[in-house]
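Some structures to go through are shown next.
In the two complexes that follow, chain A is the common piece, with chain B as its partner first and chain C second.
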Partner chain A sequence: MDRHEYRNLVILVLPTGIFCVAFFLLPMARLVLIGASGERGIAAYLDIVTTPRHFESLIATLVLSITVTATALVVATISGLFLERNRFKGRGVLISMLTFPLAFPGVVIGFMVIMLAGRQGLIGIVSKALTGDKIVFAYSMAGLFVGYMYFSIPRVILTIMAAAEKMNPALEEAARSLGAPQWRIILDVILPALKPGLIASGAICFATSMGAFGTAFTLATNIDVLPMTIYTEFTLNANIAGAATLSIVLGLITWAALYIARNLSGSNVAAAG
Partner chain B sequence: MSDLKDQGTAINLLSCAKTFAGGVQALEPLDLEIAGGETVVLLGPSGCGKTTTLRIIAGLEEPDPGGRVMFGDDDVTRLPIEKRKIGMVFQSYALFPNMTVRENIAYGLMVRRMPKPDIDRRVGEMLEMMHIGDLEFRRIDQLSGGQCQRVALARAIAVQPRVLLLDEPLTALDAILRTRLRVEIDQLLRRLGITAVYVTHDQGEAMSLGDRIVVMSRGRVEQIGTPRDIYYKPNNDFVAEFIGTINRLRGIARGDHVEVAGASLPWSANRSGGEVEILFRPENVTISNLKSAHLKGNVVTSFFQGDRTKLILDGLGERQVIIETTDRVEFIAGQEIGFRIDPDSMIILNT
Partner chain C sequence: MRRPWLFYSQFAFTIGVCTFLIVPVIMSMMAGITENFFLGIKSGVTLRWVYEVLDLYLDTIYLSLLIAVICLIVTLILGIPTAYVLAKKSGRWARMFEEFLVLPVAIPGLAIALALIVTYGGFRDFRTSWGFILVGHVLYTLPFMVRSVLAVLSSTDFQTLEESAASLGASFWQRFFGIIIPNCRSGILAGSLMVVTLSVGEFNLTWMLHTPLTKTLPVGLADSYASMRLEIGSAYTLVFLIMILPLLIGLQMFGTSKERKPAVPDEDPSEQANQQEIAR
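Then we have the complex of A and B:
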C-alpha cells in the first residue's frame, strides 16, 4: 500500500473512528477507571463476587439468560422449521405476528406480562374462577422469563427460517434412503445444517437477555437482575464505582458470548439479529 | 468382492399415476416391468414424469390410489423409502457436509447398527472399488464434483441395496468427466448385477447405459425398448425427434418409388401410395456425384469435427437437412452436392 492509498484509507475510516472513540472507547475507559476509583482501587472488581447481593444478581441473570436462550432455541426451531416447510392459509399473517415483538420496547413487553400474569391478569382471573386460587407470577423470575421469551422467539424464528430455506432437501431424502429414522435425520442432517443459525441467534438471545432493562424495570419489584442492580446502585445508592464495575462485567460477559458465537459459527452473528 | 454380487430384485409398476396437489397430473397410469439385474433408463425432457416415476419407485412419492409398486414379490407401495432397502444417488450428490468421506459411506451401515469391524471392512471395500481411498478423511467441501459423485455412489452401494436409483447423477459435471464417469457407472452396474433405474435427459447417457430405455414426454411413455430399437425404429414423431438427429422430408409414394423434392427415391415398403413422411439419420447417407444422387442440396454451413464433417443443406424442403460424411473433402458454402440414402435405414412413420 503506497502512502497515497494509506492516506485515503485513513480519511475513509476517520468518521467511524471518531464515533467509536467518542461514544464507545472513551466512556468505557472512563467506566473502567470509575470502577477502580473507590478506596480499594482495582480490587473493587472483586466485589461482584464477594458482595452477596451483586453475586446473586449476576448468577440470577446468567441462569435466566441461559434458560431463556435454551428454551427459545427449542421452541423457535420447531416452529421455524414448521413455518418454513408448510404452506397454509394465514401463514404470512402468523409469521408477521410472531415477529411482531421485535418492534416493542421492553416496557411494553413488561406491561403485557402484567396484563397476562399480574394481579389483575388474565391467568389470575381464569385460575381463580377455576380453582379459587389466583395465580400471579408476573413480578417474579417466571414473569421475566415469559417476557424475555416473548422478544427472544422472533429473533430465533427468523434466523431458523432463513437457514431452513437454504437446506438442500435431497440431504434428508438421502438419509432416509440409507434407512435413517426421523430422529436420526434431525440429529445428523437438520441440526448440523441449522447449527450456524442456532449459535448466532442463541448468542443474540443471550446477549439481549443479559442486558434487557425495560422489561425488568417494569416487572422486577423484588427480583434483581444485573441491569436492575446497576440501576439501583447508580440512582438510589449513588454507588457510582459499584455501578461501573457491574457494567463492565456485564459488558464483558455479553461481548465474550458474541465473540465465541462468531468464532464457532464462522458466519456473521450480527447479521442474524 | 463376490459378496457384492446380487441376483437383482425385479421391479414392477402397476398402473402408477401421480397427480400433484392442484390437479396437475405429472404421470399418467404407467405399467413398467424391470427384470432383476436390468438397467433401465428413464429418458425425456424436463417435466416428462421421469423423476416422478423414479421417486415413486424410491418411495419418496406415493402413486395415486390404485397404483402398486412391487419389488420382486413384495408389495412396497405403502412402505416409506427408509424401509425399502434402496440405494439412491442424487444430481446434487446430497453428501452430508458435516461428515467426512468415510462417515458418509459408513452412514447407512451405522444406521443399520452393523458391528464396527464389519463397517470398517465394508467402507474399505467401497473406497477401493470407487478409487477414492486417498479421500477417506477429507471433508466434503474439499472434493471436486467427480469425487463427490464417486462418494455418493459408494454410499448408496455400501448398504447392499435391493435396487439402485440414480437421479441425473452426471448432470452437474463437465462434459469430459461426464463421459468418464458414465463408463465407470456402466462397469459398476454390470459388475454388481444390481437392478438399476437411471433418470436422465441426456440421450447419450441413456444409449450407453441402458439395457432398455423408457422414453417419456408429458407424463406419458412414448416408447420402451433397447437403445437400438429406440434409435432405429422410433414409434412416433416424438421419439424420432428426441433421440439423435433426424431429417424428415415429405413425399408422394408412387409404386416402387417416392417423389421427394423433385427427385425420386427407391421405395421398397409395401404400402399404399399417397403422402408419406421419410425420416433418415445424418449418418445414413453417402455423398455421391450429382448424376447418381438420390437427392441434391446446397451447403449452408459445414462443421469439420475431425472424424467426420457435418453439413447443413437447404433446397430440400421447408426444413434444412443435416448429413454427415467421413470423406476427407472440404465443402464450401453454396456448393451443390448430391447424396444417396441407405434405403434400409429409412424410417417411415404412419402419418
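Then we have the complex of A and C:
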C-alpha cells in the first residue's frame, strides 16, 4: 500500500477518531478522575464495598441481573428451539410478536409492567376477581424482574433460533439411532451446540440488566438498583464523586461481562447499553 | 415418535411467553383510546387522549424526529468511512480502534451521560441546546452503523473490485464513492434504520442530558407516566408505537433480506450484527 493511500485512510477515519476522543475518551477519563478527587483519592473506588448502601445496591443489582439472565436463557431456549425446529401455521406471526418488544425503550417497558402488575393492572384485576385480594408487584424488585424479562426474552430467542438453524441434524439422528433418550440428546447434543449463542446472548442480557435505567425509573425511585443509586447520588445528594465512582464500577462490570463472553464464545458478541 | 407430546407442551409454553409479551401492549393501546380505563372499554372509545397528547407533547415528537435525522446524517458521515477503513486494515491498531468505538454501547448510558455532564456541563449554550443530546445519541448509535456497513463489506470481495477499478485508472476517492458506497447499500440501509430506531427510543442518556426546553419523546413519556393519568400515558405510548412501527417493519424487511447477496448464501451479516440489540 503506498503512502498516498495510507494518508487517505487516515483522513477517512480521522473525524470519527476526533469525535470519540472529544466526547467519549476525555469525558470518561475526567469521570475517573472526579471519582478519585475526594480526600481519599483513588481509594474512593473501594468505598463501593465499604459503604453499606452502595454495596447492598451492587449486590441486589448483580443478583437481579443473574436471575434475569438465567431465567431468560431457559425460557428462550425452550421457545427458540421450538420455533426453529417446527413449521406450522402462524409461526411467522408468533416470531414477529415475540421479537416486537425488542425496540421498546426502558421507560415503555416499565409502563408495560405497570399495565400487567400495577395498581390498575391485569394481574390485580384478575386476582381480585378470583380471590378478593389485589396482587400488585410492579413497583418492587419483582416488577423490575418482569420488566427485564420483557426485554431479555426477545433477544435470546433470536440468538437461539440463529444457532439452532446452524445445528447439524445428523448429530442428533446419530445419537438417537444409537439409542440415546431424549434428555441425553438435549444435554449432550443440543445444548453444547447452542453454547456459544447462550453465552453471547446471556452476556448481553446481563450487561443490559445491570445498566438499565429507564424501567426502574418508571416503576419507582426507591428500588435500589445500581443505576437508580447513581441517579439519586447525582441529583438528590449532589454527591458527584460518589456517582462517578459507582458509574465507573458499573461500566467496568458491563464491559468485562461482554468482553469475557466474546472471548469465550469466539463469535462477535454484540454489546448492549 | 413421541413428537406430539413434546410439540404441544413447547407450543403451549411459547404461546404463554407470547401472551406475556403482547397482552400489556394491547392493554396499553386499548387504554389510550378508552374514555375511562378503570371502567373499561364499555365507557366508550375516544381519540380525546391522543389529541391531548399531541397538544401537550407535540414538541417532544418534533425534537425526537429532528435529533434522529441529524444523528443519522452524522453517523453516515462518520460511520461509512470508518467501516471502510476497518474492513481494509486488519492489524492490531484497527482492532483496538474497533473495540474502542464499540465501548459506548458496552457502558451504561447513565455513566456516559454523567461523563459528558462533568466535562461539558460548564459550556452553558452547548449544555442547554439539543446538540448536547445529539452528541450522546451519535456516540451510542455510531457503532451500529459501523458494524452494519462493516459486516456487508467483509462479506463482499471489495478489494478485487477496487483493484480492477484502480487498474483502470480510478483514483482513491473515485473508488470510495463509486464502488465502496454503492456496494454496501444494504448495510447502510440496515444501519440507518437501526440508528433512527435507537435514537427515537433512547432514554438512558437522554434523561440526564435533557433540559426542560429540550425534551425528547422518551423523556416526555417518562414525564407523562409519572404525572399524567393512565389514559394519557397510554395514548402517548400508542403514538410512540405507531411512530416506530414503520421502522421495525423496515428492519424486518431490509435487515433480513436474503436474496440480495448471492455471495453469502446462508445469512445476511448485517442482520446478524443488528438483530441482537435494539432495545433500551
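Assorted remarks:
Throughout what follows, the second predicted complex is superposed on the first by the 254 of 273 C-alpha atoms of A that agree within 3 Å, B and C clash if a C-alpha of one lies under 4 Å from a C-alpha of the other, contacts with A are read in each partner's own complex, and residues count from 1 in each chain.
We take it that a residue touches a chain if its C-beta (ideal position, glycine included) is under 8 Å from a C-beta of that chain, and two chains touch if they have at least 3 such contacts.
Please read all numbers here as calculations on a predicted model, not as lab measurements.
Contacts of A:Leu171 after superposition on the shared chain: chain B is touched, whereas chain C is not. In the overlay built on the shared chain, the residue A:Trp255 is in contact with chain C alone; chain B does not reach it. Once the two complexes are overlaid on the shared chain, A:Asn8 sits against chain C while remaining clear of chain B. Once the two complexes are laid over each other on the shared chain, residue contacts for A:Ala36 go to neither chain B nor chain C.
Between chain B and chain C, C touches the greater number of residues of chain A. Using the contact criterion defined above for the overlaid structures, shared-chain residue A:Pro181 touches chain B, although it does not reach chain C.
By the touch rule above, chain A contacts chain B in their complex via residues 168, 170-171, 173-181, 184, 188-189, 192-193, 195. Considering their complex, residues 2, 6-7, 10-11, 13-15, 17-18, 20-25, 27-28, 31, 37-38, 77-79, 81-82, 84-85, 88-89, 97, 100-112, 114-116, 118-120, 135, 138-140, 142-143, 147, 172-173, 176, 197, 201-204, 207, 218, 221-222, 225-226, 230, 233-234, 237, 240, 244, 247-248, 251-252, 266-267, 272-280 of chain C touch chain A.
On the side of chain A, the complex with chain C involves touching residues 4-5, 8-9, 12-13, 15-17, 19-20, 23-28, 30-31, 34, 75, 78-79, 81-83, 86, 88, 94, 96-98, 100-116, 120, 122, 149-151, 153-155, 158-159, 162, 166, 182, 201, 204, 207-208, 210-214, 217-218, 227, 230-231, 234, 240, 243-244, 247-248, 250-251, 254-255, 258-259, 268, 270-273. Looking at the complex, you find that chain B touches chain A at residues 58, 60, 80-83, 85-88, 90-92, 94-99, 107-108, 111-112, 155-156, 159, 165.
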